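Shared chain: subunit A. Partners: subunit B in the first complex, subunit C in the second.
Entry: the complex of A and B
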């Protein structure tokens, strides 16, 4: 079976939570068992009213929260069994959109966008800039913004957020309420990029406070779940 | 009292002792571990990624270029002040010809490393502390970790190493400036009539072989410890911290570390 440089098989689920129970004292996430199985190209829409809990759940999926029981496997690799360097490298294959953007005002927005790819890959800077600019234009930016993120409008920061998440063709997308205050043109561009990503095998977790966030996209999703204090539950009809 | 009860009380006492020791020594242990981590990570070629190199050069430019003027001014004032005092007291004791060796002993060996450490701490260390503290309390560090960017590799290692190089560079500039300024004052006052090269030769002759190791080591380690303490203090910030609590704590830790380095070297290599 073909394996890539991280030693994973192409048939492995992209994300698997197997009775994963976070250590409450270390994380803040409720110490209950979480189960989830996400294959390449699948999309899980997860309703979660508490943005902090949604963020912690995304952290759980990226192996940042210590477990007391069970395991979280990403692309066939157990986070707990991975040595640090490999774990950081594996996280580099994940595209994330976080609630407040997590922007660093020490650098321009362009560096914020390019930073993960510059850190994890040896792709020439020119190529990265070209790809990011193309994505920026697709999401409604005039190009690649160089101003510090704090000087961009909130909407432009959301656009830049999309560019950063989709840049580098991630294998897993963790999107925390990504479409908040999206105008229709950005929403359409976002869904188109999401569909393209899924078509090439990227798995998606889309967290939102209520099901109105994914509007018509719900039918295209593989899983509809709710995240409560006592775990993940399937939504009726899914 | 039953043996199990005794054993349980002993265990409790040991746990309490361990907790107390760890709390008291927590930051010291962090600095030792962090310092070892910086050295270990810097040895790996794969650690020097583009982002790390950008951070390294940016910090080096900020610390060395930004601190240059402060160092020049402080060195000139220190050289002038020390020489004025040395000239007065040595003249009083009839030992004015020893001005060169006194300058090398007091100025280069003892005062320069401390002042350079303080300048680095105030001008760059506090900036790093504020930046990293803000990123930690604002949650950006966690977001970076979620994207696979190890904050230790991205910030602590390059900034600490840049400060190390900066400490050495600024220390050498400080020493040279202070000595030349001291010479100029003596020459204007008519205490020294020899050319500057002869004066510098007198200074270097008064240095012991071990000084050629201990003086650069003091400069280098002062930069290293200031960088490391500032970064770790910033990354150690909690949600209850703000700049009013973070800055005094970081300054106290930094200044204490610089003093310890200097005292250890002064005592150890005297």
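Entry: the complex of A and C
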């Protein structure tokens, strides 16, 4: 069914972890069963104190970690059933903010931002630049930064992080502690973009070391979870 | 987004393979059918042709046997005569007439037409001959008179031997003993052979006969050696071969190993004057088949073969005639088509049938391809329908999840957004019928292209009477060109023309059979998806309007807003009026190329007003006074308040004024300090940002009595953008142009390079302080 492009419904979950047990030897993520069901527009706030574990969990969601059991389905497609070409294309629909930034300092920040969309889509470059610039201004940059990421200030790099993650109207956002160091204006712009993306049907996983990162946004989330070594657990009262 | 993806992950390669197979499968099928039919046809043709050739060979072999038999019989008198002569001609040959020889000769000449003459000679030079002369017979004797002169003495006799007359010819130097037939027979006898000696054929010019002579040596009773010879004319053999039917148009010929024609079609002109039958050879130009067949015979010996000439295939057969002459070869040929014609006809029929089958198969394949494409279109249509249903479900989900959906006190923009999104309309709007029943008020209008909502427009029955009539009757109006329809023409001109829309869907909303409003769609593109979403939104809107009507009872209607007549003040936005310059000059309107502009933005007052509102107002007032003083002290050109923004102009003149930017930057630093200090005292975060640029602006006095001075343009926009995008609160961000003007007097920290659509790649700097 997952192979049939007509079979997917808009109401199907964007991300589904069904007893997914990663192989510890191949990933470093504890080999326990993970279960998660995330519908379009839903936001899962996941508390995880270990940033490395959070990053691995995000890798698990993007099908980068081999499983010994269970399945991880993204937009109705099982990662294990997809050949590489389609799997990479599916990852093109995911926006991600990673802990270490994931920047390539050999090129300008603008190329770092535009590359995923240039690689995965036929969107004209002018349109992409226009959208990226608009997002940059929205996140508090004067435009689209063209210096290498290493020469930007840490805060501007975080702004560029946001631009890269939200560019291309992703269907799934995997955000690893995204609001670290965020000043209030950037936080407000980030939440605004996040809410807009969710309204569009984008599902969000927001990983943070503690619940203070969410500030007042916790009430707007659909799921509150904690990521421990032995799996995902609902937070009390959620 | 997915539509522009290079690889659609949701699209399985199996689908692509299936589509490819739907097209290629039938084509490959047809090609296989064509190939199979072609192979079968070729195989059949070859089998048939081989059969036909085999049959032809059999026929030719049969013909060859027949001809061989005929030739054998044709030459048989020679053999018979030789045997008889050895027994019959024992009497010595002398000048006396050998009656037995003559009698036998006349008898043979009378009954065997191919026999031309008989010779009898001995070793003493005696020579007798009998042959035909007209209807009679000529008996010739070589006579030698005592003087040694020789002559031929001819006695013309009839069938019974009765002498009719005589005559004579000179026979100078004729000696039968040196003739080939005599010498050959004697030589054969000496070698101990008893069989016949055959001479080579030779023409007998006087009688136009092509003669071959067979001779045999015998010993007479007197011990002398005599030779008996019989000459056979080959003319009749030519006539026989020429009349022989080989296939439909085949030929037969007898040649020797050198290609000289012994009998056959080449010799039919034998009776014509000047024809030399002894010098007729196969002509490779006109008789290539016989020539080739003879060459093959020379190499391979007797047998059948296939020869191609002038694009025609010929079946040939060649065999020797050793009983007649060891160097004679019988050649027969016939075109292959004479025998295999039916195969050719069958092949043509096969080709026709094959073409028919291929045509039918192609039609079938075409049908399959068309059917496949149709299936694919249906599949896509089903996909689109599912997509539509999915989108409708999503819309429904969004609608259902909208808080206060039915509460008329809350705006629900999702209604018009869903309408526009699902119907593809350029603009979707919801109108409410006001209580007087004569006006429609636009509750919400969503324009898809601009992604913007608007509200408040009103249309009246007086101007759009036909539309109001439709609404009251509850009839939906759906016209592709509203300007061409009298009922909607005025609406198109008044409302739709602003977005250049032409198609109109006017859907009345009825509650208890009474109109309460309308839904209007401009330029909808997805007609098939409209009905459902309109019905859903209509139901929601009707409920909302129904609630609204309940609330809008005269008793609960709010009191009218009191209206106070007062003069409008235009100049209050300027804390420092541009007209307050020392010379009190009015700045002329125009474009000013190098104007230093600064924008100070304060964050949302709500976010900073966490304490007492009055205290906040006091702080703001105090701060504004300080800023006003700073600006005045710095000698700035103007300072204007717009909501939570302050816009400063360092100067505004057509002549370059480097001091203006410096004054403005100086003021910026002072303002920053003043704000930081004041806000810190009030325990408030630095909620202000400052942007600064030097660039072109337009300036003009707007309005009259009073007129108000206003500036706008690129420098204002850039300063505004820089203020909005400062990296942190309480910082001053300046443009590259401002940096170039100020860098010698102030300290800056570069923020980086940025691409801005209107300016290209540019740098921005954070102003730290004075040097």
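Here is the rule we go by: the second predicted complex is superposed on the first by the 230 of 238 C-alpha atoms of A that agree within 3 Å, B and C clash if a C-alpha of one lies under 4 Å from a C-alpha of the other, contacts with A are read in each partner's own complex, and residues count from 1 in each chain.
As a working rule, a residue touches a chain if its C-beta (ideal position, glycine included) is under 8 Å from a C-beta of that chain, and two chains touch if they have at least 3 such contacts.
Computed from a prediction, not measured in an experiment: that's the story for all the values here.
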{"item": "When subunit B and subunit C are modelled together on subunit A, clash or fit", "value": "fit"}
{"item": "Partner chain(s) touched by A:104 [first = subunit B, second = subunit C, both, neither]", "value": "first"}
{"item": "Touched partner set for A:62, first subunit B, second subunit C, both or neither", "value": "first"}
{"item": "Touched partner set for A:120, first subunit B, second subunit C, both or neither", "value": "both"}
{"item": "Spatial angle subunit C-subunit A-subunit B, Cα centroids [nearest 10 degrees]", "value": "60"}
{"item": "First (subunit B), second (subunit C), both or neither touched by A:89", "value": "both"}
{"item": "First, second, both or neither for A:17, with subunit B first and subunit C second", "value": "neither"}
{"item": "Which of subunit B and subunit C A:183 touches, first, second, both or neither", "value": "second"}
{"item": "Comparing the two partners subunit B and subunit C, which touches a greater set of residues in subunit A", "value": "C"}
{"item": "Subunit C versus subunit B - closest C-alpha approach in the superposed model, Å", "value": "7"}
{"item": "On subunit A, positions contacted by subunit B and by subunit C", "value": "85, 88-90, 92-93, 119-120"}
{"item": "Touching residues on subunit C, where the partner in the complex is subunit A", "value": "1-2, 4-15, 379, 382-383, 386, 390-391, 393-394, 397-398, 603, 607, 685, 721-722, 724-729, 733, 751-757, 759, 761-762, 764"}
{"item": "Complex contact set, residues of subunit A against subunit B", "value": "58-59, 62, 64, 84-85, 88-94, 96, 98, 100, 102-104, 106, 111, 115-116, 118-120, 125, 174"}
{"item": "Subunit B residues touching subunit A - in the complex, by the definition given at the top", "value": "46, 49-52, 54, 131, 135, 139-140, 142-150, 153-154"}
{"item": "Touching residues (chain side subunit A, partner subunit C) in the complex", "value": "3-6, 8-11, 40, 75-77, 82-83, 85-90, 92-93, 110, 119-123, 129-130, 133, 136-137, 140-147, 151-153, 155-156, 168-169, 171, 183-185, 199, 201"}
